[in-house]
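When the chains are written out, they are named A, B, C and D in that same order, and each has its own residue count from 1.
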Amino acid sequence: MALSRDQIAQRVALELQDGYYVNLGIGIPTLVANFVPDGMEVMLQSENGLLGMGQFPTEAEIDADLINAGKQTVTMATGASIFDSAESFAMIRGGHVDLTVLGAFEVDVNGNIASYMIPGKLIKGMGGAMDLVAGADNIIVTMTHASKHGESKLLTNCSLPLTGKGCIKKVLTDLAFIEIKAGKFHLLERAPGVSVEEIVKLTAGELVVPEHVPEMQF
Amino acid sequence: MALSRDQIAQRVALELQDGYYVNLGIGIPTLVANFVPDGMEVMLQSENGLLGMGQFPTEAEIDADLINAGKQTVTMATGASIFDSAESFAMIRGGHVDLTVLGAFEVDVNGNIASYMIPGKLIKGMGGAMDLVAGADNIIVTMTHASKHGESKLLTNCSLPLTGKGCIKKVLTDLAFIEIKAGKFHLLERAPGVSVEEIVKLTAGELVVPEHVPEMQF
Amino acid sequence: MAGFNKVVNSYEEAMAGLTDNMTIISGGFGLCGIPENLISEIKRKGCKGLTLVSNNCGVDDFGLGILLPDRQIQKIVASYVGENAEFERQMMSGELAVELTPQGTLAEKMRAGGAGIPAFYTATGVGTPVAEGKDVRQFNGREYILEESITGDFAIVKAWKADKFGNLVFRKTARNFNPMAATAGKITVVEVEEIVEPGELDPDEIHTPGIYVNRLIKGTFEKRIEQRTTRPAGE
Amino acid sequence: MAGFNKVVNSYEEAMAGLTDNMTIISGGFGLCGIPENLISEIKRKGCKGLTLVSNNCGVDDFGLGILLPDRQIQKIVASYVGENAEFERQMMSGELAVELTPQGTLAEKMRAGGAGIPAFYTATGVGTPVAEGKDVRQFNGREYILEESITGDFAIVKAWKADKFGNLVFRKTARNFNPMAATAGKITVVEVEEIVEPGELDPDEIHTPGIYVNRLIKGTFEKRIEQRTTRPAGE
């Protein structure tokens, strides 16, 4: 069965390591914070200028001067630091963030990602997404494997305008965990109960399937 | 008579304006701080990361963590701020300093300046001088008009490697105050008791001499 | 003599000299740390044909969004927009030009503008619509695009505290784009919650040195919250 | 698990992994704010063929100068050198390569290195020996040269205080090149006068966030003064 949003987040969380500085995008990526393994410490970077994002505030703690990149009120974790936007993106662009998790509309076999605009529809902008995909070495894209109409989002060539070129190496969908290398998708894991055939059918770009494809463990 | 070092500094100080942020180089330029007109406030920038340099410390005030660009122990003036070297040169390169005063070996009619190396002699480096001459709009060069051997330092073309190209518009020597524009030196003022003829003789580059050349007033 | 005292006593004085068709750089992220009252003064003055450089463009009735109904903004350079209906309408109809710029590139363009760096290379945007018409160059085997700096006729900034000399301290994530904006205006105007005497701020803790600040005014702020997210007390 | 605790307990551990021919970026201006003990550890280790990137190169018996007698430095990138006799001897004889870089360009090269900016344009050095071999380009009618960023295998930094997570606070002009150096090392090692618990530093007053810091050690410092200038008490 396809993973729920929480399950996607849960599987991503297994890629965390102790002492990681992590930037989580809006949507499913945000949920990853809920599944940090016990005894492991990670620090969340919010690109509006906060390293060490804490949980949401109580009513009494709300501070209009303390928000995250999604414009939500937040708190600071112990050991947090505050900086300006140039410093924040120096951190991101300079490759100092250990893991970035973000959503996408499409990815392709060359590691291209399209995530910010659909021509003809209202364009809101890329925010920090282009900087994040260009700056990070270690990125996990989370998305549904296919559209509601069954159209694959894992393509030979992205059809939408790109957010980044050749940046993506790991994709976690509701059906599979996929690595991108040498111009091909590689199937690493399948969601529990999801067949390799179903994944193959819904992957438009070339997919390398090893003899044994393990089910995801949580 | 040729101006003393203090007199050069005193004449430069008349170019100050209230509220000016000023960077003073090592040597004669440093002395300018002693001649700030009464009731006028200027703030000294030291390129190692201090805006609002104060006087030298007393023995009791000495702090190894507080020096100026000449590596001298200093104090901070009221309202001073501290920043890193990148920010300091952002300030300088970005043209935020109102006046820069620095020494030179040679200047020429095109506003070129040579101040940091004499081939064959020990080269210590340009420090912040290249940034200062490239970044400031308003620069006054202070130097002796000619060498001890009577060789002019105001040339058609600098003979030494340049510190900056086309940067200099004002030169105050021990003999004259000179403006550089449109590829020529222009004699603005002469030191008290110094004749126009003497200045002409010691100026190698083309010098425009107006009918009346006033004596400097202090 | 005035010396380094940057304090002005009215918003009219704070924005004096702003005229039609100027470029204004604004601090703020979403509605956090925006120069609320300086924006209101721009609305009151009614200047038109403005180019705004700001990460976002406010909401319908707050922040830079209030400059939309009177068509004061001709162009906006931003990373993320469209949080309000009038903005969408003007953008879709072509009345408002929008230059989308990646957030980090936007921050760096402002910093470069203030720092006398006319252009820099970045990997951000390579192979995307952002790269169109820009120089591409390889360094160490990777492609980068050339991005030019931004400066403004005015910069409008919100800080927390200042001394009279214009030394600024920001508070929490209301810092965001404000320090870079402060460096990039020909005239930089700052509004703050509190003005103290010179010497009261620790020189080591000043975020923006007063050299960048031309005018300073004390204001009162609504500080509207966009996404009020909370957890239950006791958790 | 170690989490974000960056504290190491010996200078040997602090500089572990440094080998011959590596590039080291160092903070400090003159003898102010230099990582004294990290430099001593480099001398003790005896690594050779090093490239040092630092505004200055210390004096004969203090600062980076102590690496000269054993010929550990192969090349230095600096803005101002030659405050010591052995340095001059090695430079004049060609044993030591010296790449003179304008001070502001050097600071910006370090910052760019840490910030993922491979190169930037600056007017500094146009028409001078510094411009030799570099691209020249016009922006708004003025010439600029292209300068490439610098990164190091190690960065060595002196801060005043840190929390265990490596969040740093600098003191007065001992800040200088240290914050940029901290961002530009593959491994950034910081020595400080005091280490406090996470949460004890005000997040708004942290100069360098801990994300840039790999190792942290508490040291004691001589803090030698180069030019001891004073005024009489009572003036």
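Convention: contacts are C-beta pairs under 8 Å (C-beta built on N, C-alpha and C of every residue); 3 or more make two chains touch, one makes a residue touch a chain.
Note that the structure is predicted; figures quoted are calculated from it, not measured.
Asker: Of all the other chains, whose mean CA position lies farthest from chain C?
Answerer: It is B whose centre lies farthest from that of chain C.
Asker: Based only on mean CA positions, could you tell me how far chain B sits from chain C in angstrom?
Answerer: About 35 Å separates the centre of chain B from that of chain C.
Asker: Between chain B and chain D, what distance separates the C-alpha centroids? Give it in angstrom.
Answerer: From the centre of chain B to the centre of chain D is 29 Å.
Asker: Going by the touch rule set out above, which residues of chain D reach two or more other chains?
Answerer: 108, 111, 115-117, 122-123, 170-172, 175, 203-204
Asker: Name the residues of chain B that each touch 2 or more other chains.
Answerer: Correct list: 76, 82-83, 89, 92-93, 135.
Asker: Taking touching chains as linked, do they make an open path (line), a single closed cycle (ring), a hub with spokes (star), an all-linked set (complete), or other?
Answerer: Other.
Asker: What are all the chain pairs that meet the touch criterion?
Answerer: A-C, A-D, B-C, B-D, C-D
Asker: Quick check: in the complex, which residue numbers of chain C touch chain D?
Answerer: Of all residues in chain C, those touching chain D are 108, 112, 115-123, 137, 139-140, 142, 144, 148, 169-172, 175, 203-205.
Asker: Tell me, which parts of chain C touch chain B in their complex?
Answerer: Touch list, chain C to chain B: 1-4, 111, 113-117, 163-165, 167, 183, 198-199, 203-204, 206, 209-212.
Asker: Touching chain C in the complex: which residues of chain B?
Answerer: For chain B paired with chain C, touching residues are 18-19, 21, 39-41, 43, 45, 51-52, 76, 78-83, 87, 89-97, 135.
Asker: In the complex of these two chains, what residues of chain C are touching chain A?
Answerer: Residues 29-33, 55, 78-83, 88, 92, 98, 100, 102-108, 110-111, 122-130, 143, 160, 170-180, 207, 223-235.
Asker: Which residues of chain B touch chain D in the complex?
Answerer: Residues 46-50, 55-60, 62-68, 70-74, 76, 82-86, 88-89, 92-93, 112, 117, 122-131, 134-135, 161-166 of chain B touch chain D in their complex.
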